[in-house]
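After this come two complexes, each holding subunit A, first together with subunit B and then together with subunit C.
Coming up: the complex of A and B.
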């Protein structure tokens, strides 16, 4: 019957990527998207009249270049309004340090400069090694095939080939925290604060949390252009990437049905038979590929009944509670960040004046409270892309941490307003006049992100990126090569290997696994 | 305060019948069953055993772990939990069942009582709350342990039905095997179940009714040879019935450490409890694979062994040289007049073509001797009298 038909759940960037590859692999692909537009968390939203921002992530620094080339995203309209941006670390005073393509500038020591070179060399080397394994299906540790064992052997060999010193260093820093490592390389509090924020952005970690070196390496292991981790702004916001992917998918023959929510995945004789929409309509298919997060896919859409208790327990216990809130402000003119020249406002601004500040910001999150002195990653995308705001006006987009998903007091209007006040007060320490320029604004807590983007726990990465949920064990043992226990059902979103971020990689590898497996 | 610092009376769990069992225990022989003070034997294990085979033996079942399972999804929950089709177990019926982990290895076996529509009690030798609660994820069901609140007695043997009738349980003779019914305005539940492979019943009451139940029962059974029976006698009876004992004949899958030490239902001879056609259940995919590939590693066999020396802990050989397994339970069976054993052997040696032998070591006045005894594999339980199933049972 519908054996060659595949339903992809969710038109997020990974869902679209997977769908496009599957269609090119000869399948008849339908993408079902609950929202009325594509992109999922890679969207551009108009939050006030004429003011548009990226709804979740706002910088691109990991997008898989094979996806860009193979799907011809540039031909399908992918453009950047800015590339290879610098990072400007802000202090509450007017001290500024720029971390740019050419190294550090600002009040830093000689040790900072040389440390930055060595730190960059080392982390890029490790990330390069990692990136090879993040761009293919992870080898299985148990019940593996010959291919899995070969991949594992090659991983071991690649680590050995780093040479004695670097190999030892990788094994030493691999699971420790970014705080200790940065102290070995740098003097400058501003530099350390800013780099440590990159390691913990979007996670439930502070700079002193174990595992925060891995998250930093993961950031560098994507395909930043022209160098690992290089920051870019897509024209038109993140929705620009989604639009290019949508065109690429349609060009490959994919049918996209937006405004259509899946109620459940249907199963017959232990094999998926399709999906049932919330309006009761049934769509039949030989395979179903879900770009929803693993918890939503297994617990809400599939149902525990179709899986084993141990597997359901692992999925249920996935750590996927978000901590990142998103602040969007409509400004009636260019903001003034003292110490940052007007042309430099197109760069990324970081407020994490030192690592202890960042760690203290994290502390309340452990106990279900939000930071009263948060860290922030601030973008002013309209500085490079005037189309995002009415003429002469600007938008500010900031990731504000930490705002734990499971706030003890609950995310009611009062708590949200209180955290918004905290965020604005923090912003005012680096841009004192900004309050008077705000014409509109919104704050998205992880609870809002969960509701708006249908991500369990509001966690951008669909599951914490940590060693126990990484590579061979992502998202959980028993589902590491995209296939779920029910025949014909696959994952292709950020919850699957290699993980979150605007990469397209999980979607691409999932499609490869399906096409190579000749499933259906 | 630490548990160890508490006085004995608070530290040690006592069953609801302790006032009666301690009175009856002339030998003062006890063991701890999951913390409960439980009699090994009251006066003589053999006499207690013969009471249960020829009259009636009463075993204090209180330490048996009991879970109350209720809620709209109780049936779906249990059907997903165990390997057999629970939709066939109607209210008023009891099912013997095993439950497996994801890999299709047995966690434990037990009985599930369908008390009333959508309300169940699961009884098992071990404790499994963590697993049972994990299995509730995604189901609208509640699982509560009620081990201490519910008191139970096994009343087993040929005169058991007559005794219960004398106790005033009208119509008890019509209760079919694996059926359950209520008396005394619902305060007393009786099921026709047991661990002896003979005619027998189990009586279930709230803890506060326990002592009264004991007294009524023993009063009614005075002239029909009723006797309290300890764990030693029960163990003899269950081996004769061919029943497996968790932690003796197999290890629960969540307790094994070494790979390959857990057992699938097929490997325990419990394949008849596995319904691969029903809706998905824990371990189904692994079991379907095992069955399709014939990849079972072990077989559980019932052996009749020549001679009269119990084959406790013996190695089993195919022929007399090739070691293929070991005995997990063994005894001289007085009713079967046979030397019997339950053994685990490597597949496919569990048949009579393998010419199995047991290497039995035995002691005579401190001196050890060894014999290689020929074993015969049998299918049927060693003891399986027609009265076990007869409804109504003959009036002994």
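Coming up: the complex of A and C.
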């Protein structure tokens, strides 16, 4: 009787997406969520009276358009307060360059302009190719099914179809660093700094780290609309997306139990039998799908004893230590960023004045220290969505890098305060008056993100996004096709292929794998 | 006017190897060398009276045994004496030794970490598997994956089969290995700082990467894939210094009737009607041949000794974007006697081995940060050896020659070009670091030759002093090396070929690029092949 019943652990956006697809595939689905609201890291939180921000991720640029259409998210209330935003690169002086859908504007050279066109053409082409393979389960490289072999053959064919020049370029730049590639295309330090930040945001990499071109392509590959990587802000913050997904899931028949934490995944006769909640209640099910990160799923919820040592070691070695901190400020008026006109404040602001600056910001993270001169991605969501702050007031949401999860000194109150001071001092170099406008604020370190969102290491990709943890080997060999080594247990979160970001893709593919496999 | 079947530019070990195989096939070959000595970076020089320095490359391992046999180098006087082990000195006064004897090695490692001593078995097995895999491709020309020619497709399929011979898990491990950092790789096996530091050196030597830069695990292979007397991964000293390697290859070349001309600097490669026609020397003399093979790195070949108009602009752009990054320096020291290292037990065999003075990955990574900031490492990674303990012919009796390879050393400083003062300060940094572990070392120094990327470039033409003539990163390996579409040793001008370490499989005194290029030339000339080609068999 429980055979068609599936328990999904976690009501993050991937958990909800997966649940909705599974319910539409004919399963009886219960989502169990530990916190009292849905969304996971896609949430909106009120951090001060009347001031609300997206608690973790704050821009949408990769949301899977098939998920939007197939689940009817727009009918379920998904709206954007701003779309197709530009990026404004800030310098400590008043120099500004805008990188927008129409190209570059500001003090740039002719080589920058033509370089930007060619760079955009090339990266969008590669990202387009990549996105096809990010949107399906990665094929096995050996011992696979006929379908796996066909997918591999098609991948080879698609790469060949790029034509000789572009194919060579893909094979060349695929595994190198964004630093060298940007130097080949651009002169402007500001442009290079800002684009390089896109490649390393949310990772343990600096612009000079090899593989950072891949993360840039990944960012573009999430088939955003109207074009790859187009930036948008959801109305009401990221919680708006979670709310639409929740409605879509409920409409499909999913039951959502929030405020219910899973204590462990139960196994009987080498097969999952359900979950046991922290209050001792047992829920039985034929299948369990976890949107928790792989480390939490395997080591905390399942228990290492149910897997082979080699597999457990791989999970143990999965690199998933976050480096991004989140800064939220409540401002008693519109902020002033000299050189950026008031209407332009709705755009995305980047502080990474050159690539060497960004690289230097990264250096301390390697040694368990935070950047004393960090890079920042700044959003002022209340500029386009006044509902997020009391009238006339504003919120600022920023990703501040690098703040390593494993701070040598430990993330105690003193260290947090010190890093907050660093972040505010950096912010003040581009918005000198901002300190006087702050009425409330909070800083979330990766350790706070781990505690609040139950993500191991506070890493928003649930596992570093790097070639050695990508595609055929994500999250680890032995779990690359969503199924874990215990029968009936699957992954559907950002730790699985293709990775993190607000995409819904891992949830969607995991559901497809389960439904197509007829697993039950 | 002098006329030949083939001209090889540069008498480094690859140029000599290339010429030797061409001569063996019956071609009339000349090697043109700008210096008054041969060998390039595989050279022995008497720079202090009665001392012979291997003043660039300093140990021998990678030289392919197939080439050793095909050119009969033993008969031409090459003798390689194996040595084993390494030692890493620690700041706390202790040291970590590594030994050929597995039992001893295990016991020594267990003294630092029981866990790591046990994990070493797994590490060695896994690394050896990767080494065996890469060795298969060293003496083969990489296929062009964009081509539909029979030969390329056949070779791609052969590689595919080679991959599928591994089991599925091994394929995934290989994929990870090629893309991850040596630091992350070691972290998966080991917990002890000094053990990781002692193993990480091979992942960074010669490259402008830190131990935590992705891709550095692959570099490890470039130091593990060699062998001495059939012992994979073994290292040895060429008797009489590294010049012994070049001299033996040169002797083989001459035995096949080839010529070597010293002090014959090539100024220009002459192209007529779209074909290579010969070279013009700095002296004004012209030497003609329908085949010209350049053992200069690709940047020098196409940007320094060729006319831009003979090349396509897109190709030139790719040449300019080819990354050759200087990252290392060298100190060659004449010693009045043997320095003592109080941390080591008296008479320790480790005196014969590689010595290192940096005991954690963090220290190595910070040394790399200095390089990024355009200064030499204040706390460098030094690979130090005293070859005269193994080969006493290099110094007078009782005296010693010490070779210190130093990483990192940038090609240009934040203050601008290197000056002599900078060079001396760099040397002092290294000497001071060694002195911390050997109090009597400084007093024994009779002469020091300090080599920064500036000296390496000026003397032997290694651009930026890069010992591999081009970074060993994924964008410059296999079919991407040196430039996508030109990985099969042919330059875009008919009759012009490349045989330097800029080409597959890359640097190290391996001689494989020179040999592979010769095979391609002979194929184009429809001559019988004289060059070994095989998937390495173990």
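Throughout what follows, the second predicted complex is superposed on the first by the 520 of 520 C-alpha atoms of A that agree within 3 Å, B and C clash if a C-alpha of one lies under 4 Å from a C-alpha of the other, contacts with A are read in each partner's own complex, and residues count from 1 in each chain.
The definition used in the following text is that a contact is a pair of C-beta atoms (placed from the backbone, for glycine too) under 8 Å apart; a residue touches a chain by one contact, two chains touch by 3 or more.
For clarity, every value in this text was computed on a predicted model and none was experimentally measured.
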- Query: Which partner does A:472 reach: the first (subunit B), the second (subunit C), both, or neither?
  - Reply: second
- Task: Give one of first, second, both or neither to describe whether A:304 is in contact with subunit B, with subunit C, with both, or with none.
- Result: first
- Message: In the overlaid three-chain picture, which partner chain does A:167 touch, first (subunit B) or second (subunit C), both, or neither?
- Response: second
- Message: Touch test for A:377: subunit B only (first), subunit C only (second), both, or neither?
- Response: neither
- Query: Which partner does A:485 reach: the first (subunit B), the second (subunit C), both, or neither?
  - Reply: first
- Message: Between subunit B and subunit C, which one contacts more residues of subunit A in the superposed model?
- Response: C
- Looking at the overlay, what does A:442 touch: subunit B (first), subunit C (second), both, or neither? neither
- On subunit A, the footprints of subunit B and subunit C overlap at residues 313, 478
- Note on the structure: subunit C partner, complex, touching residues on subunit A are 140-143, 160, 164, 167-169, 171-176, 180, 184, 205, 208-211, 313, 317, 319, 356, 359-360, 363, 366-367, 466-469, 472-473, 477-478, 480
- Item | subunit C - residues contacting subunit A, complex | 145-146, 163-164, 166-169, 171-173, 175-177, 179-180, 184, 187-188, 209, 212-215, 321, 323, 362, 365-366, 369, 372-373, 473-475, 479-480, 484-485
- Touching subunit A in the complex: which residues of subunit B? 76, 80-81, 101-102, 131, 134-135, 137-139, 279-280, 282-285
- In their shared complex, subunit B is touched by residues of subunit A numbered 270, 299, 303-313, 316, 478, 485
